[in-house]
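Paired with subunit B in one complex and with subunit C in the other, subunit A is shared by the two complexes that follow.
This part shows the complex of A and B:
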C-alpha cells in the first residue's frame, strides 16, 4: 500500500519534470522529427525510385539503384575508396597534430596565451580562402614550396594538386591544418590532469615518454575517444576543402572526388538524379555506421573507464 | 653558492627552451597562410601570378583593393549584408534553441531521458546528404528555395545542431540543484530560472557556442553552393570565384590573379576576424572548461 502511494508521488513528480522538459526541449524534438526523421524516411523511399527533380512521375525500381552503385558505377567505388583513404590519412594527421600542439600549449611558460591565439588562426581562415592560399603556395610553377625545393636543388618537384597522382595526398596534408577544435578539446582535457601526478612521477624518476604513456594518455583517453569519433566522421563527411581544391568536380581526373562531392554532383547537377543519390547516401551511412561501430570496439582497449577528468 | 644554478633549475631552463623551439616553429606554420594571403594581396598582378616571393617586390595593395571593389560583379555591400543577415539568423537560432534544449536535458529528470539523448546524439553520424536530398526537394517544390535564404537558416531555429545541445548540457549540468530548488521556492517560473540563474552562471559557454558555430558554418560551402544561385543573393563565400575565374577562357590552364583573389579572401574574412577579436578573451578562458565540466 505504502509503496503504491510512493510510486504515485514519484510519477506525479516525473510528470511535472516531463512537462517542463517538453517546454524547453520541445522545439528540439520537433526539429528531430522535421529535419532528421522525416528526411531519412523520405530518402529511404526515394532510394527505390528513379526520381529526378524535374522529371515526370518517378517509377519504383526496387533495388536497382543499390545494385547499380555496388556493381556497375566505377565512380561510386572510386569516390568511396578515396573518402576512406582521406578519412584515414587526414584523421591520423589531425589527431597527432592536435594532441602534440595541445601538449605544447599546455606548457606553463611565459607568453603561452599569445601562442594559443596564434595556433587558432588557421581555424578562422574560411575554407574557401584556405583552398585559394594553398593552391597558390603549392602551385607547381610559381608556388612558394616548389621554389624552395628548387633552391635546394630538387629536380623533379612534386606537382601537388595539379597531378592526379598526388592531388589526394596534397589534400590530406592541407587538411592537417584543421586541428583547431580538436586541439582545444585535448587542451581542456590536459588541463584537467592534476599536476601532483606528474610531481610524484618526477620523484620516482619516470622518463617523459613513460609519463606520457602511463599518466597523460590514460587520463585523456575519454577525450581522445571523442576526438577519434569526431575526426573519423568529419573526414568521411569532408566536403568544403575537396570542393575548393577540385573546382567542385573532383578535378584533376576525379582524383579529389570524395564521396560527398560525388553525391552532391549526382543529386544537384544535371540531371538531378535524386533517387540514385539517395541510395548512395544510404550506403554511405552504412559505411559510417560500421566505422563508428569499429571505433567503439577498438576504444575498449584504450579508454580508461574510471577517469573523472 | 647562490649564483650557481642548481641542477634542477638548470634542467628546468633547458626544458623551457625545448618547449619554445617547437612552439615557435608551429606558430610560423600556423601564421604562414595568413601571412601569405596578406603579402599576395599587396603584390601587383604580374608578380602575384608569376612569382612566389616571400617579400613582395611591388606594392599594389591599394590598386588591388580598388580593382576588386570596383569590379562590376563584386557588390561588396550587398554580399556583406546578405552574409551577416544569414549568419546572424543561424547563430541566433542555434544558440537560443540549443541552449534551451541543453538545459532541459541537464536539469529535468524522468525515465528514459538518456535514451532520447542518445538517439539525438546518433544523428551526428548521419551524412548531411541523406537529409539534404529530401530537404532540397521540399524547398524546390514549395518554392521556399529562393526566398530570404530560408533553406540556410530555418533548421537552426529547431535546435538541429546536436553538438551544440551537448555542449550546453555539459555546462548546465554543473549548476547546483540547490540553486534551482531555492529559486522554485521563491516562486520563480522555470523560464525565469533559466534566464536569471542558468544563463548568467554560464556566460562563457554562450561565447564559445556563438564563436564556434559562426566560424563552423562560415567555413561550410555546402549550403551556399546548393541554395544560392542568383548573383544578387551571393554570399561572401561566392565572391572568391569571381576573381579565381576572371581570366578563365574554357581551357584547363588559365591565369589566376592571386592578388585579387587574396584581397577578396581577406575582405571575406573581416566578419570572422572581428567576431574573434571581440570575443577572444572570454573564448580562450571558456575553452579550458569545455572538457572538464560534466
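This part shows the complex of A and C:
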C-alpha cells in the first residue's frame, strides 16, 4: 500500500472519530462555555468594578476591590481564617472517621451490606436538614445532649452553637456526618488489597498496627490522596451547614462566618456589592488553588505510586 | 449537509429555543407591576378600577426576586422599593419630581414628610411611599390578664383602670411590668425561665437602635456624611446598659431572654413572651393568623424624657423603572396606588398608607370596616419616629459589626463581655475602619 493511500485511510479514521467527538462533546462544551466559562470570565471583569445589583453604571475601580479585601476588610480575614480552620478540623475528622468505618465495613461478616447502607445513609441527608436537626439536639437548654450531660451531673454543659467560642467547633463536629463518599472510596481501595499480603504478614507475626502501617496505608495511599483533595475543597467551600447553623449571617457574633457565607452576604445582602464579592471569589479561588498545589507537593511524601496490587 | 453544519444547526436550534423561552414577554400594552408574594390577588379590584378608568390593563407579578428582575433588563414598569433600600437602588428609578410638579392632583407634600425625605436624593424623588411601618410596643392581652392582680398592685391601679401598657409608660414601667410578666423556677443564678415579659432582638437592630435614639444618641456623628460612628457616647452607654440589663439583670431586673434562652423558642408569636419593644406593622398578619389577643401602644420612653424621639419609621414605596416605556401611564397608576384609593384598599389588608390624611381616611370609615387595632396609636408613633440613616452600607454595618459585638454582652460564659463601654468603643473602631478604607 502506498504511503499516500495509508495517510488517506488514517485521516478518514481520524475524521470519523472527530465526528463522534463533536457529536458527543458538542452539547457539553456548549454548556461549559455558556454556564461556566462565560460566568467565570464575567466574574473576572466584575471584580474590577464597583458593580452592585441595583447600580446602574458600574465604574472601573482597578485593583481597589482586591486591595480592600487584603488590607482593610477585617471580616475577609476572619471568614477566610475560619474557613481554613473549618476545612482542617472537619477534614481530619472526616478522613479519620471514613477510614475507620471503611476498615470496619471491609470485614467479612454476615449482613455487611446492611451495615454499609446504614453508614452511607447520613450522606444522603442534605446539610440543611443535618444543621436543623443538630440545632435541636445541641440546644443548650432543651437539647438532648445537654439533658444527658446534666443527667450525668455535668454542671456547666457546653453552649454549643449559641456561644461564639464554641460555635465553629460545634459545626466541625457536625460536619463529620459527611464521611459517606470518602468512606466508599476507602472501602473500594481496601477491597483491592490482595488478602495474600495479610496472610504473609500473619505468618511473619506482624502486629495489626504494623500491617496497617506497612500494607494497608501504602496500598490505599492514592485513594487517601484523592480523599484529602476532595475533603479540602469540600471544607473550604462549605456553605449549607454554616448557613443553617449561623442563620445565614455567621451568627453568633460572626463565629460561623465561613468565607462562602461572607461572599454570599456581600453579593446578595445590602448594599449588594457584586464587584467586591467577585474579587473575593477570585482571591478564594487562588487560596484553594494554592492549597490543592500544596496537597500535591505533600502527596509526594506519602503516596506510593509504584504499588501494584 | 456536512457534519459541521448539522452540529451548527442543532446548536442554533437550541440557542433559539432558549432565546424564545427567555423572551416570553407579556403584551406591550399592559402596565406591569412587581409585588410581594403575599399580595397575590389582594389588589385585583384596584387594577380593574384603573383599567376601567384609563383603559390601560395592569398585570402584576408576585414574589419575583428583584435581582433577577433587574438582570433581565426587562423589569416591570413599577417596582417596589423602600425607604431602607432606596439608597442602593435609586439609580434604576425615574425622578418623579417633574411628574408631581406637572400633575395638579398629586403633590409630594401629601405624604408624611420624613418618608418623602427618605425617598429624595439631591432634589430627585425616586419613589412614592405606599404603606408605613413604624415601631410600636406590642402586648399579649392574655398574658397581661393572667397577671392582672400583680400589675394592679405594682402600678396602683383600680379595677376600672386598664392593666395594659399606657402611652406615658417609661422604661421603668416597661421593666416593672416585664418582670411581673416573667415566670421562672429556681432562684439566684439557677433560675429557669418559662415565660418572659419582653422579647430581646439580638440579631436585628430594631430594638437597640430605638433605645439609642430615645436616649438622644445617634449612630453616626452628625455632619460626617454618615461615615463616623458616634456610639462611644454616654447616651449609647445608657441605652445599651438598659438593653443588656433587660436580658442579663438580676431576678428583679431581668425580663427578656438572653442569647442562650433566646435559642430555646421564646417569642411573642409563640405565646410565651408578653411584649415586643419595637415590633413592626408587618407582623400584624401573623398575630391574627395565630388568633392572638393583642394590642399596640406607643413605645415607653427613658425616665425624665417623655418627649424622647420615637422608634423607627420606614415605608414600602414604588418607583417607575428607568427602562419603562410607559412612564406616563405608570405614574398615573402610582398616583392611584399611593393615593387615597390605594391606601384604603391596602388598609383592608392591614397596611397603613403614607398619606398625611390617612388617619382621617380611616376615621371616616364605618366602624365595621376598621381593624380592631387602635390606629391612632400608629399615627401618634409616626409623629415622633425617625428614619434610618440613608447611608447605603448602614444595614451591613449594623448586621456585621454592631449586633455581632452586642451579642457578646448577652450571654454568660467564655468569650462573653460585661463592659458595655468597652464593647461600644470596639464597635466604633470597627465601623470607622470600615468606612476609612471604603470607596464610594
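One rule holds in what follows: the second predicted complex is superposed on the first by the 294 of 309 C-alpha atoms of A that agree within 3 Å, B and C clash if a C-alpha of one lies under 4 Å from a C-alpha of the other, contacts with A are read in each partner's own complex, and residues count from 1 in each chain.
Everything that follows uses one rule, which is that contacts are C-beta pairs under 8 Å (C-beta built on N, C-alpha and C of every residue); 3 or more make two chains touch, one makes a residue touch a chain.
All values reported here derive from a predicted model rather than from experimental measurement.
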Which of subunit B and subunit C A:75 touches, first, second, both or neither: second
Subunit B versus subunit C as contact partner of A:218, first or second or both or neither: neither
Partner chain in contact with A:61 - subunit B first, subunit C second, else both or neither: second
Touched partner set for A:30, first subunit B, second subunit C, both or neither: both
Contacts of A:268 with subunit B and subunit C, given as first, second, both or neither: both
Touched partner set for A:17, first subunit B, second subunit C, both or neither: first
Between subunit B and subunit C, more extensive residue contact with subunit A: B
Contacts of A:101 with subunit B and subunit C, given as first, second, both or neither: first
Which of subunit B and subunit C A:284 touches, first, second, both or neither: first
First (subunit B), second (subunit C), both or neither touched by A:249: second
Shared subunit A contacts, counted only where both subunit B and subunit C touch the same residue: 23, 27, 30, 53, 135, 139, 142, 268
Complex interface listing, subunit A residues touching subunit C: 19, 22-23, 26-27, 30, 50, 52-57, 61, 64, 68, 71-75, 135, 139-142, 159, 161-166, 247, 249-254, 265, 268-272
In the complex, subunit A residues that touch subunit B: 14, 17-18, 20-21, 23-25, 27-32, 34-36, 38-40, 42-43, 46, 53, 101, 104-105, 107, 109, 113, 115-119, 121-130, 132-137, 139, 142-144, 146-147, 177, 181, 184-185, 187-189, 191-192, 223, 233, 236-237, 239-240, 243-244, 248, 260, 263-264, 267-268, 274, 277-278, 281-282, 284-285, 288-289, 292, 309
Complex contacts: residues of subunit C adjacent to subunit A: 3-4, 7, 10-11, 14, 66-67, 70, 84-85, 87-89, 91-92, 203, 259-261, 263-265, 322, 392-396, 399-400, 404-405, 407-408, 411, 413-416, 430, 433-434, 436-439
Subunit A partner contacts - residues on subunit B that touch it in the complex: 16, 19-20, 22-23, 26-27, 30-34, 36-37, 40, 49-52, 54, 97-98, 100-101, 103-105, 108-111, 113, 116, 119-120, 123-137, 140, 155, 157-160, 165, 190-191, 194, 212, 215, 218-222, 225-226, 237, 240, 244, 256, 258, 261-262, 265-266, 268-269, 272-273, 276, 280, 284, 287-292
